[in-house]
Amino acid sequence: MAEPTVELLAYSPDPERVVAVAARRSYSRHPAKELWDELGDEEVSELLYRVIRQRHLSVLEHVHFTFAVEGVSRALSHQLVRHRIASYTQQSQQRASEQHFEFVVPPEIEDDPVLVREFQETMNNLGTAYQRMLDKGVKKGLARYVLPNACTTKLIMTMNARSLFNLISQRICGVEEWEFRTVATKIHEVLMTVAPNIFKYAGPPCVTELVCYEGENGERCGRYRMIPGAVLRNGFRKTTGDELLKHSKTC
Amino acid sequence: MAEPTVELLAYSPDPERVVAVAARRSYSRHPAKELWDELGDEEVSELLYRVIRQRHLSVLEHVHFTFAVEGVSRALSHQLVRHRIASYTQQSQQRASEQHFEFVVPPEIEDDPVLVREFQETMNNLGTAYQRMLDKGVKKGLARYVLPNACTTKLIMTMNARSLFNLISQRICGVEEWEFRTVATKIHEVLMTVAPNIFKYAGPPCVTELVCYEGENGERCGRYRMIPGAVLRNGFRKTTGDELLKHSKTC
Amino acid sequence: MAEPTVELLAYSPDPERVVAVAARRSYSRHPAKELWDELGDEEVSELLYRVIRQRHLSVLEHVHFTFAVEGVSRALSHQLVRHRIASYTQQSQQRASEQHFEFVVPPEIEDDPVLVREFQETMNNLGTAYQRMLDKGVKKGLARYVLPNACTTKLIMTMNARSLFNLISQRICGVEEWEFRTVATKIHEVLMTVAPNIFKYAGPPCVTELVCYEGENGERCGRYRMIPGAVLRNGFRKTTGDELLKHSKTC
Amino acid sequence: MAEPTVELLAYSPDPERVVAVAARRSYSRHPAKELWDELGDEEVSELLYRVIRQRHLSVLEHVHFTFAVEGVSRALSHQLVRHRIASYTQQSQQRASEQHFEFVVPPEIEDDPVLVREFQETMNNLGTAYQRMLDKGVKKGLARYVLPNACTTKLIMTMNARSLFNLISQRICGVEEWEFRTVATKIHEVLMTVAPNIFKYAGPPCVTELVCYEGENGERCGRYRMIPGAVLRNGFRKTTGDELLKHSKTC
């Protein structure tokens, strides 16, 4: 039973400064190198706050993050690659053999002794059916048609910070299925360790915009737990401090 | 046992003229409306030939084609959506029930009486396992984890002609698995009925560029069959007519 | 003195129905062709409202609009092509001669008799300098370096409805310079004639989201005038009808 | 008289290894971290060669390069931002004053004493006209309409290696105007210092594919000078070593 892992393989060095220099670029006549050297850490934070607050999000595109995402299902990867402003390279079922494949077990099923036994049995039967086809000379690219959505995969994904804001906004949302929510939360946690002054402003709309687009009445699901440090700064919306305070207590 | 279908739901009206007018736009000072009215059909064809030959392919982006792609496996759709310069809306396994799901059978398996029986049995068992989970109250979004790659899906896809050139170039290639090759060929066939003077120039690199990037020696696979009418016009490459003639006989 | 014109050259036929069918695609197991035939006009409207309200905006990408934009300055075109999810073909100053070029006069200058005379004189001098270079054998691609931002250009632009929502949202905003605001407003007006049930929901954030990201306090500029028919439907935001009413009176 | 400068502000660390690990990802079942640690430098080079030769170019998208491009004309920047798979932030003429603006002088003009005097005079007159408008209270965003294409700009640009291959391929081409050719060559030179085993394969089609799409007969312009070290490795095309040798001597 596989657990999703998210590891940061590489990323733009000094990401907060890169974005802050870009933010200055529009307004200044000074060379970029000067802007780079002159900006104090405080100013960097202040610029990041201002561009995100004013939704000048294009400057976030100058920094990229490359993740190894592993132990996730192909159900997840099929959804993940729908985020198009990104680059992916994925372990291919046409090229790498899936003998003894690992699989993801949804938590509701894992917690039920009967369901989990049946689920595992189904997976075992599929493993046997897959192997029998390979033994009879069927190519991996065809035998893979019996493999289940639960089958795990490994991929490398590169995304810029703007696209990651969008992914986090959609996928940490409480109406999202558990697997993508887990992966998005892990991505957010990793990003908070390397660019906290950017990613503390990322989150689902209920947190960053005090609005919910899901459901008929936009009801809140109450499932999002904010990452420590990812405190929403005031001023994102025309709203009173009291409203924000009330909000952060309830979700 | 499902068969893939490709149906053109909608497309930019007068696609050849739209592209030809765009081709003229760069060089001319006349209003677009005049260019539109003045171009004869012959000139349209000539302009299309010239821009494609000179690889000024951006003008192909002005026309779009919206397809309903149905009866294809989720193995196929996972690959298809990797073409990012396109828009997709797909039947969701989280929202639509997959009770009595249809499935794709790879031809090599279909042709072998033993393999096909085992394949169908596996599919039936999965259907039962899936149904049992739903009966026990598991959500569709979780029960789907047992569904196989072979399970069919339906999607709507919109792509511009440049992106379609790229799809056809890669996916009609003889090294591609049969399912995507089938879908890409059907897409090409449909496009030939509505914009032949554009899409007769589309094809795998062995046909359009007389070059093959696959394999160690770039060997030819001999599998591509040109669509009637999709005749390569000379001049795409610095090569003699004899070479081209010899080529079109062998593949 | 040129006036910007925006003309719709071509667009996806039946755009509202295409988007509505795509909206149904996610949830339904029926073939697209059936969805297409079954949907009544009322249902189409209702589906459009629902997907836009819930921000499932990807379905808007299935319809495209091709515009001839003419009589605009190169200052405008430089900004316009920054909208990257779009396709452009532009009259080239390297290829088409700019003899007797036309130019855009900003309204503040046009209204001032002294300023406008000086402006026109400057333009005339540039025309002379440009012509003298051509006469001395300088190539168009180099002589163009003296041409001003005010110099007009012609281009063909194709964008999907989602990208157009974004363009309208940003460029009709009251803080935008007059030229882009004029062009964006004309684009919006044209779209309202062919797909009103989609584009009546497009507008700057102050109208569609009751929020303003511009300026320190997000102050309203009071400049946006809603297109007749582009009435905001309730429910986009958690707000009372009274607030909305008050809002639509003030801007 | 400004000279274009190209400076690398930031880039994905260890770019060659990142791409090589991605290249392995498709075929291997091992975790990315293992692939990262196991690959020797020789293997990295070999993998880079193989994926580029086989045109599996998507793996090149995992590495990004952020440049400060300065001292270039707005004619250049207008063309540059047409490369859409990239991110830009540019000094704004609406926000930063262009008092005493610098300008680019095309070399053909610079070399002619009469032309260059006239060119400079024109620029001076524009500077005066611009300043007079500001003095009379015209906003920068409107006064900019008199500024010429030659006026310099500063921008920050982030592109992945695949998009950079495309830029180099098109813009180092001998038919391209001198300014973009200069900038593209400088970009290539900088990239050769940080990721030579990737960018030695980049170049115009005449070098990398032995084909030219420009002009009626695809004639060679003879202007490209290969960067030392950017030697084409055999095998990119089905061609004899002799042909390649002859080729690399002539251009």
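Quick notes
Letters A, B, C and D mark the chains as written, and numbering starts fresh at 1 in each.
Quick note on the criterion: contacts are C-beta pairs under 8 Å (C-beta built on N, C-alpha and C of every residue); 3 or more make two chains touch, one makes a residue touch a chain.
Please read all numbers here as calculations on a predicted model, not as lab measurements.
Considering the contact criterion stated above, the chains in touch with subunit A and with subunit D alike are B, C. When the interfaces B-C and A-C are ranked by how many C-beta pairs touch across them, B-C comes first. Work out the mean CA point of subunit C and of subunit D, and you get 30 Å between them. Averaged C-alpha coordinates put the centre of subunit A at 32 Å from the centre of subunit C.
Subunit D has residues 88 in contact with two or more other chains. Taken as a contact graph, the chains are fully connected, with every chain touching every other chain. The touching residues of subunit B, counted against subunit A in their complex, run 73-75, 77-78, 81-82, 84, 88, 93-94, 103-106, 108-109, 112, 114-115, 118-119, 122-123, 125-126, 129, 132-133, 136, 138-139, 141-142, 144-150, 177. Looking at the complex, you find that subunit D touches subunit A at residues 7, 9-14, 18, 21-23, 25-29, 31-33, 36, 58-59, 61-64, 66, 68, 70, 87-92, 95-97, 154-156, 158, 160.
Residues 53-55, 209, 211-214, 218, 237-238 of subunit C touch subunit A in their complex.
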